[in-house]
Amino acid sequence: MNISQFTTAASDYAVKVDRLFYLESVIAGLVVLLVTGLIVVFFALYYRGSSTPRGEVPERKSREIEIGWTVATLFSFLFLFWWAASDQLTALAPPKDALEIHVIAKQWMWRFQHPSGAREIDELHIPAHTNIRLAMTSQDVIHDLYLPALRLKQDILPDRYTYEWFNATKTGTFHFTCAEFCGTDHSVMAGSLVIMKPEDYARWISAQPQADDLAHQGEALFRSFGCSGCHTPGSTVHAPDLHGIYGHAVQLADGRTVTADEAYLRDCIFLPDKNRVAGFPPLMPNFSGSISEGQANALIAYVKSLTTNRAARTPNASPGQRGGSPP
Amino acid sequence: MTDAALPFVPPLDVRRGSYLDEGHTILSWLTTTDHKRIAILYALSITVFFLIGGVAIGLVRLELISPTGLFLTSDEYNRLFTIHGIIMVWFFLVPSIPATMGNFLVPMMIGAPDVAFPRLNLLSWYLYVGGAVFTVYVLLSGGVDTGWTFYPPFSSEYSHSNVIPAAIGVFIVGFSSIATGVNFLATIHMLRAPGMTWFRLPLFVWSMYTVSVVMVLATPVLAMSLLLIVAERLFGLPIFDPSAGGDPVLFQHLFWFYSHPAVYIMILPAMGVVSEVFACFARRRVFGYGFMVFAMLMIAVVGFMVWGHHMFVAGQSPLANLIFSFLSFIVAVPSAIKVFNWTATLYRGHIGFEAPMIYALGFLGLFTIGGLTGLFLASVPIDIATTDTYFVVAHFHTIMVGGTVSAFMAGIHYWWPKVTGKLYNEFWAQLAAITMFLGFNLTFLPQFIMGWLGMPRRYHYYPDVFQIWHVLSSGGAVILAAAYLMPLVYLTWSLFCGQDAGNNPWRSTGLEWQTPSPPPKTNFLRPPRVDADPYDYHDFGRTEETGGEARARPQGEA
Amino acid sequence: MTNGRQQDRRYLWQGPGVAWLALLVLFAVSLGSAYLPLGTGNVAINLAIAAIMLAVLATFLMDLRNSVALVRIAAAAGLFWIVIMFALTFSDFLTRG
Amino acid sequence: MSDTAGALQHPWPDLRMQRAGVSLGMWMFLASEVLFFGGLLVSYAVYRSFNEEAFRIAGAHAQIVYGSINTVILLTSSFTMTVALRAATANVRRVTLIFLGITAALGVAFLVCKGLEYREDLKEHLFPSPQFPLSPPATAMFWGFYWIMTGIHAVHLTAGIAVVLVVWTLFKRRVIPVQGSTMEGAAIYWHFVDSVWIVLYPLLYLAGRS
């Protein structure tokens, strides 16, 4: 293993983080030099028994000094905060068009699912110069996907999605690892991040064992778990139609309005009573235990693929009252 | 140094009539309500735990010499660093300075015969022992592997180790610090000697005051968060269980609401100690006394509002990250002021190079480094890159071990003659102080570097590219261990063979020194009255050879 | 003498008695209001009444009214810090998005 | 009045200072206790704000009759405690002893009532377990809070009763004079336990009544 697998700054963001780090290192170095320098000078001048003249420091002067360095410190810290915060804020919003890869962490391994349906374990291939968004969840305890070369780290929680996004600029093989203590084999829960040229990635992904893409897998599951029995327009059971639901606002029974994102859809599968949609009876069975996180990802991908175009074909579909007629 | 007893302190035979003579049986110690004796009980107990915690981390550092381990399984490794954390935080660092020096000195520095509630004080030690019993049980029955942070759902559902007794032990010891805090606050408010106004309080007393506020208001939240973990693990009450809608991040909020202020519980007393030491050995009034007091109050209050900087990657909202980052930069300002003020205290002084001063200088250097790396971690992007790596490990050890333990040692050496009436060997003490500083830096500078390079913490096996840094760090740890053991030997030696110290070997102007050493049970031979500001060393400095003015005189003699 | 004695005795229970009655009335109002369909208003009313009850209890039964400033500061400190805890914890939960 | 001297304890210079000190110490302990319950309350608030509906469903199953009776009992006990304290300060020993006794009895009555309530709850399997009858899952969260909050409160109350009984015995046997600072501390603590209940009652019993 080579140290550059950790230290290479493989994205523009990583370069910015390094720049901030070096800036603060220089400031810290100067302060340490200042303090040590003063101590050495004072020791030399005012060592006990030395003949340097000493007198009182006037009250007024010492107050001025005191206020002076308080203000100076405050402003330099505010400056650092401003710099750090602007780096943080510009990196905040993930771009809309990002390539989305699902990450499932469990004691003590990593599973990745590409949009094409290709799966990997403890190894992640991604294209460079592409916005990548990792949608991550855990099957057991808290983990943390640490990508040293990208200077990124994000905890991964059970029953919740967290995200990391980046745009890698350097190709090569880098290290990634778990950074939140997760039990016995925490220290070996690691793998390699392979950043490839986009065309190489395209070649690589097409050479993967033929698997249906995630949405198609989801479609099959949608039928085999019996979801389609209720969630089809015209079904006799009164259940919300799912076409075009992703990304749109949903009115809930308790008066709240939420946006149907991955987390919401996931909750609908595992905690159906948590966010009941207004106007529908609580009939949805709880699938926690019978559907795995991986299958849930496929189902969610399928629901995301159901566009409004098809929904438009069904008559009477209006927001808040999606789905067929009452039984 | 010769006996420089101040004129009005009767030259007593040191041994006779001191608090040490109030009873020699073990029972007399176990039932004492004298704050000085309770301080000694605490000092002995925390030393035992410091050694246990030290052995645990010694094994860890030995194991880490090789990237593939030497003699431990991963489970054993995880249990060792967990027990190291639990013991060092709650059974050593939190009680270290407050329960020993604070107990001994707060009443003496304010001119009181004892703390406000002497029996509560004894109870607090028994609570400590109660918590200690659970922790020792955990240790003997196979340990606990959650890390000292007890994060659910690992601690509540997945760990197969002794989480419940470990949490109960910490829960109990928490009430010991609450009791100590309440006691100090009541003492400082109600029992100051005549003339001892708020702005005549020595900075050590102010540090005890502020730390007590933090102890009283932060510790209960830790107790509650641990209680909820126990309730979930023992009875299945689903408070943090994600499958019932619980949020593990909420636990982290509660935990850090205590555990970040806990860092200030560890560092504020250290600030108090070195303020005393700097003033005495530079023979100089502490520069900017008012600002020093204000800075400590600021730290105690704002220190409660920064806990979220431990959770920048935990799934906290970006806005909360921003707020906590801002407040963390703000809380660094008073710490910086203190560093400048200590440095400025040396200006125009008569600086001596005795052992306590070397330890205090070690504190100043390491606290500066620790504080500055704190700025790195307050910056969200750098924190995201370095949190949960050795960079963070090195940062907080520099504050809590480099800072607090150096100051603890400075205090031990400074007040050793006060407590025991004996002088230790100055040469060995200086050697130990310098060794400790060098050993510390050799241990933790490599950790800063490998942390920035990407070495995650709590790792049993690690990529071999980091081996060189681990070996250096382990080498430093050996030196550090030697430096910690040396005082144990020469201080014990001084108890039996040390020279008598006289009442005031450092010719300090502190009120605690204006009474025989070791002090009588009632602390003062006559109730003191205070008529000067603290650190009245300036006259003292000029008339170095003739001895100085005392700041307090017994009532009726002034 | 006897008269003064009796005055003393009345002082023992009179003030606290009024406070006690006030607390019982407040409790009844709180209980009754809980059955009105007010949505979130119910929680608000219940908590407001609880706050008033705490104030009555602290002022008249715990005698905070007559205690030294210091004791009042200690009591206020608890409240101030709990506000910090709520504000900053919710700064996360309410902005998670 | 002659026994005032016996009330003064080391290291206090006089009884007035000692009483102020005990009262201050007790209040600081209460500030600590406020934060202790604060951790619980903030958790409750977070979860309730995200599970409005579930908490309403779950709250409707709390035994409001027992809860309300207990509220009246505790409010009354605070009243009797205050009378006892005032009597003690005025050095009226007999009244002090009687009202302390009533206070302890009311405390015990609360616990008995609570025990009956717990029995009902358990009969309905409202202790979170696989047989837990309510849904959605966050209802179990509400009941988790119910058991923890009432449990911790009951522990505090038990401690309060023990303190009151000890004080009563010490007064009865004239070990310590009623005028000392002991009564002060006991009373403040008792009122605090009552205050906690005043907050818990609407959170646990009044959720989901409308």
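Order as written gives the chain letters A, B, C and D; numbering starts at 1 within each chain.
Note that a residue touches a chain if its C-beta (ideal position, glycine included) is under 8 Å from a C-beta of that chain, and two chains touch if they have at least 3 such contacts.
None of the values given here were measured: they were computed from a predicted structure.
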Mutual neighbours - chains that touch chain A and chain C alike: B, D
Most distant chain from chain D, judged by the mean position of its C-alpha atoms: A
Higher-contact pair (C-beta pairs counted), A-D versus A-B: A-B
Approximate Å spacing (C-alpha centroids) for the pair chain A, chain D: 45
Chain B and chain D: spacing of chain centres that average the CA atoms, whole Å: 35
Rounded Å distance between chain C and chain D, as computed from the means of their C-alpha atoms: 14
Overlap residues in chain B, where contacts from two or more other chains coincide: 189, 217, 221, 243, 245, 249-250, 253, 257, 318
Shared interface positions of chain D, touching two or more other chains: 20, 24, 28, 31-33, 35, 38-39, 42, 46, 50-51, 54, 136-138
Multi-partner residues of chain C (each touching 2 or more other chains): 70, 77-78, 81, 85, 89, 93
Touching pairs - complete list by chain label: A-B, A-D, B-C, B-D, C-D
Contact footprint of chain B on chain A as seen in their complex: 1-3, 5-7, 13, 16-17, 20-21, 24, 27-28, 31-32, 35-36, 38-39, 42-43, 46-49, 54-57, 62, 65-66, 69-70, 73-74, 77-78, 80-81, 83-85, 87-89, 91-92, 107, 140-142, 144, 146, 148, 151-155, 157-160, 162, 175, 177-188, 270-271, 274, 288
Touching residues (chain side chain B, partner chain D) in the complex: 33, 107, 112-118, 120, 178, 181-183, 185-186, 189-191, 216-221, 223-225, 227-228, 231-232, 235-239, 243-247, 250, 253-254, 257
Complex contact set, residues of chain A against chain D: 253-254, 256, 271-274, 276
Sites on chain D touched by chain C in the complex: 20, 23-24, 27-28, 30-35, 38-39, 41-42, 45-46, 49-50, 64, 68, 71-72, 75-76, 78-79, 81-83, 86-87, 90, 92, 95, 187-188, 191, 194-195, 198-199, 201-202, 206-207, 209-210
Interface residues, chain B side, partner chain A - complex: 74-75, 78, 145-147, 151, 153-154, 157-159, 242-243, 245, 248-249, 282-283, 287-288, 291, 313-315, 318, 321-322, 325-326, 329-330, 332-333, 336-337, 339-341, 343-344, 346-353, 361, 364-365, 368-369, 372-373, 375-376, 378-382, 384-385, 387-389, 452-454, 456, 458-465, 538, 541-542, 544
